[in-house]
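Pasting the structures in now, so scroll down.
Two complexes come next, and they have one chain in common, subunit A, joined by subunit B in the first and subunit C in the second.
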Partner chain A sequence: MSWGVRAVTVRFGARVALDGVTLSAPTGTVTAVVGGDGAGKSTLLRVLVGGRRPDTGTVHRPDRRQIGYFPGAAGVYPDLSVAENVDFAAQAYRARDRQRRARLLAAAGLAGVPDRLAGQLSGGMRQKLGLVMAMLHEPQLLVLDEPSTGVDPVSRAELTWLVNRAAAAGTAVVMSTAYLDEAERASQVLVLDRGRVLRSGEPEAVVNDLPGRVVHTRQRPETELAWRRGDGWQLWLPPGATAPAPADATPVRPDLEDAVIVAALERSAS
Partner chain B sequence: MWAIVVKEFRELRRDRRMVALMVLIPLLLLVVFGYAARFDVSSVSAEVVGPQASRAAAQLPGLFTVERIRPGADRAAALSDLRTGKYATIVVTGPAGSQPELLVDGADLFDAQAVTKAVASARLPVKVTVMYNPKLTTSAVMVPGIIGILLVFVGTLATSLGVVRERQSGTLEQLAVMPFRPRDVFVGKVAPYFLVAAVDTAIVVTVGLGVFKVPFRGSPFTFVLGSLLFLFVTLSIGVLISSVSENQGQAIQLTMMTLLPQILLSGFVFPVASMAVGVRWIAYLLPLKYFVDISRGVMLRGAPIGALWTPLLMLAVLGAAAFGLSLVRFRRDLAPSRAAVPEPEAAP
Partner chain C sequence: MTALLAADAVTRRFGDFTANDRISLRVEPGEVVGLLGANGAGKSTFMRIVLGLLAPTAGRIELFGQAPSRSVRRRIGYVPQGLGLYDDLTVAENLQFAGRAYGRALTVPAGSELAAERASLVRDLPLGLRRRLAFLAALGHDPALLVLDEPTSGVDPLGRSRLWDTIRDSAERGAGVLVSTHYMEEAQHCDRLVVLVAGRIAVTGTLAEIIGERTAVQVTAPDWPAAFVALDAAGLVPSLHGRRLRVIGADPAAVGSVLTRAGVNARISSVPANFEEAFVALATDGAAAATAAAP
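Take a look at the complex of A and B:
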């Protein structure tokens, strides 16, 4: 079984925020939504959880009691303590399993600070608290809007572990992220650009389906099809490209970052 | 420095509320102080009763606007009329040759002061009896009004800040998708402020009675009913303000814009009857005016509920309007998806 949206379009006045987007989130998997600023990631997640009505298209989601939602760098009450925040989520969702609550707080590293105000937590701890609140009631669908943005690497790893644990327990997780390495570890990825889906599928398949070739060069190529990477430049050679590659160009095995950039370049070129 | 000046003007140009605050408030103050801020009273409403009523009415100085003459009515009927707050003063006449009595409503401080002054300067052969506030103390008149201001503060400001805080921290978005009905969120957000305001009212009334010795002559039930209706209006205005504010600063700006006219034009400071007609109509749209009518009526005059049905009804009407609007706006914030998204169903 899976949840998701089909051919969803959302407009903000004349601006099209989502244009015929389809997303499927099977249970027990993590779906990563990636894309640049203004790509439509947050809007897509809002539509999925019911916070925004799509202009066209359909939404398949469980009952609201079975949805967990973490809306970006927020979702916790700064003037409430850790325990009070969790109490609120527990009452709202009628999640009475005290053992699960204790386990999640311990896994998030928050068990030792129940009385600390959420506003006094570090960014990473606050994000983890928000995640604990969103998954306390074992939702069928867990939707997280950039849970790891602005979080240190250790907290990021802990967040990832919590998310994977939810998926392993059968939850369908949909998570937007600014980190492509995170997306690469997801079960499937959806690449958005200015409201449209550029690529979707398993991360490996998205990389393998990259059209043409990617090479690495130390010299800056005189083309818009190149981007900075490591100690030089990556250059995309589209299928059937006639221009010769630079002399020092070496073929590289593309990763998800290359695939996402190539998809955006391909759209711009078309 | 020039860069900061330019930046500031650009920011200001886009902050419409701040521009309104900077332009509208000075304009309002100009209008208020020009047309409304008048302590001098040029006319007071009067009734004349008793056998010599017609003759006495003809002899009254120009300050008195005689609105009713009842030759058949006696002092008891006059007191009953005075208690309604409809007249600032009532002249009670007796048999020919007896000294008339002038009953003055002390709850209307400026009118009462004007009447006693006019009678003294005209050397009218009447016995003046100031009712409800015989010493014409300011606190007796101000405390019932201050209760209203306090309810506006707690009701409108605290409620709007409480809801906006939720929006600002992003948690309103989360509440919208949590298993709450919009009315649960509405009532859940507003009820605590309602209770705090109710407790505040009780404290202020107690302090007013105990420390300032303000009388409480009327029915507590009428006072509670008026307070609840007034709270209903102020809380609804608070939610309405929160629904059009992005942050707490904007909410405070808008609250000030609603608070200032109420303080200045409600009759709390300046008598409504002394305001220019154009400004007076603004006063009739302000909920605090009606609460001041009710609280002064109940506490000072002991006015029965029948005499206060107009302000009670007006508060109910204003409350229904503000509540309806706030509910529509609140629902739009909280339930954007429910109308068009199909019921939950499993994907194939």
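Take a look at the complex of A and C:
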């Protein structure tokens, strides 16, 4: 069983925000959507939850009541308390399971602050509150827009744990993220760049399918196909490249960061 | 050699709250020092003290061997998290304005991506370009010390590596860099890391030194959701990596017995921890210690 979108295109006036994007989110998995600011991540998630109709393409999603959506930092009401925010979500989604509510709030570390205004929570706590609100009704599809952006690593680990629990219980999770280490841990990853899918699949497969090779060198390469990494540069040698690699070049086992950078270089070269 | 930045037992209190507790650290020329910590760990307070915007309650801070002053501050290049640009001015105007503050003409490098946007209003630029402009505005006067507060958030990986190119170039020309970040993968660009927990330095060192001998238990189970639920119920806090699970700081035998009791078929191995796992373990232990030490 799987939810998702197929060949979706969205235009804002002359600008193409999404260009033939396909995403499939099987139940019991976490799909990470990565890309920089303006890549189209939020638009894609809005199309998936039904907040925006695509110009072309199809969307396959469960009934509205079976969707949990966290639209990012704006997803909680700063002038309401933690308890009031959760009450509001519970009413909207008709989630009446008090035990589940208490368990989720405890897991998110929010059980002790029911009366605190959401606007006075730290960034990490606010994001966790948003996640709890989106998960309250045990949705079949959980869609999270950058739940971890600006959140420190400790709170990120807690958010990840809540998200993993949902996936382990059979939910299809789709989340956008700016962190590639987070994407590397997902079941599958979709790399967006200016509205287009550059890569998609299991993170390991995306890395393995990297075209050509990546080497590491301590001498600055005079090419656009190099980028800083640790104590030197990574250099991409595309398939069939004729230029010799620098004398000190050592082969590296690429990771998702290398694969995403190569995909971006490949697109800008074409 | 005089350190560019020397903090000696810097403490800053706000009422009863101690935001920085005896922080000592140095930034030498050519060195990139990463400041990591959870929200509220004291990174921003420390940066404000370095910039001379806050005075320490106790301890000493020296910049270039002197007490912070207006003339000393001119040798610092600061890129705030909010970038500090004027949205209603063009790219060229922002640089002119910044250049005047430092008494030096700043221009857009010819042929750069920014050059094509010289006459664009900053608010119309994509975030990646705005970040690059903020770097130019703050670093165009060749400061001796760079203070960067989460300089790459929201930028795609290629843009991020380009910004790090600029940062490492400055260091290679002899500048010192103090940079805060939330991206664990950025830690590898730093020569040294300082991890703050609850206002104190929990650990300093290279990436490898901080990870040290820490290990994680890796669980490969065909039915990973069952393994997750079993470990979770036992309070072992598993985390999902693709279809594998990892448990930081646990005993492989304990993980094995939980899974056996739950009737979950799994292969268990001990693997080196990654930096994020080491960081979370440190922060959690450190916070517990700080709470225990509180009166």
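Keep in mind that, in the parts below, the second predicted complex is superposed on the first by the 270 of 270 C-alpha atoms of A that agree within 3 Å, B and C clash if a C-alpha of one lies under 4 Å from a C-alpha of the other, contacts with A are read in each partner's own complex, and residues count from 1 in each chain.
The working rule: a contact is a pair of C-beta atoms (placed from the backbone, for glycine too) under 8 Å apart; a residue touches a chain by one contact, two chains touch by 3 or more.
Small disclaimer: the values here were computed from a predicted structure and weren't measured.
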| item | value |
| --- | --- |
| Subunit A as common anchor, with subunit B and subunit C clashing or fitting | fit |
| Contacts of A:Y93 with subunit B and subunit C, given as first, second, both or neither | first |
| Of subunit B and subunit C, the chain that contacts the larger number of subunit A residues | C |
| Subunit A as apex of subunit B and subunit C, Cα-centre angle in degrees (nearest 10) | 100 |
| Subunit B versus subunit C as contact partner of A:R165, first or second or both or neither | second |
| Touching partner for A:A243 - first (subunit B), second (subunit C), both, neither | neither |
| Which superposed partner A:P78 touches (first subunit B, second subunit C, both, neither) | first |
| First (subunit B), second (subunit C), both or neither touched by A:V49 | first |
| Subunit B versus subunit C as contact partner of A:L265, first or second or both or neither | second |
| First, second, both or neither for A:P62, with subunit B first and subunit C second | first |
| First, second, both or neither for A:A7, with subunit B first and subunit C second | neither |
| Per-pair minimum CA distance [subunit C against subunit B, superposed on A] in Å | 5 |
| Residues of subunit C that touch subunit A when the two form their complex | 36-41, 126-128, 153-159, 161-162, 164-165, 168, 182-185, 188-189, 224-225, 228-229, 232, 237-243, 274, 276, 279-280, 283-284 |
| Contact footprint of subunit C on subunit A as seen in their complex | 28, 30, 35-39, 122-124, 149-155, 157, 160-161, 164-165, 167-170, 178-181, 184-187, 193, 202-204, 227-230, 257, 260-261, 264-265 |
| Of subunit B, residues touching subunit A in the complex | 169-171, 173-174, 176-180, 336-342, 344-347 |
| Subunit A residues touching subunit B - in the complex, by the definition given at the top | 1-4, 24, 46-47, 49-54, 58-65, 67, 69-78, 92-93 |
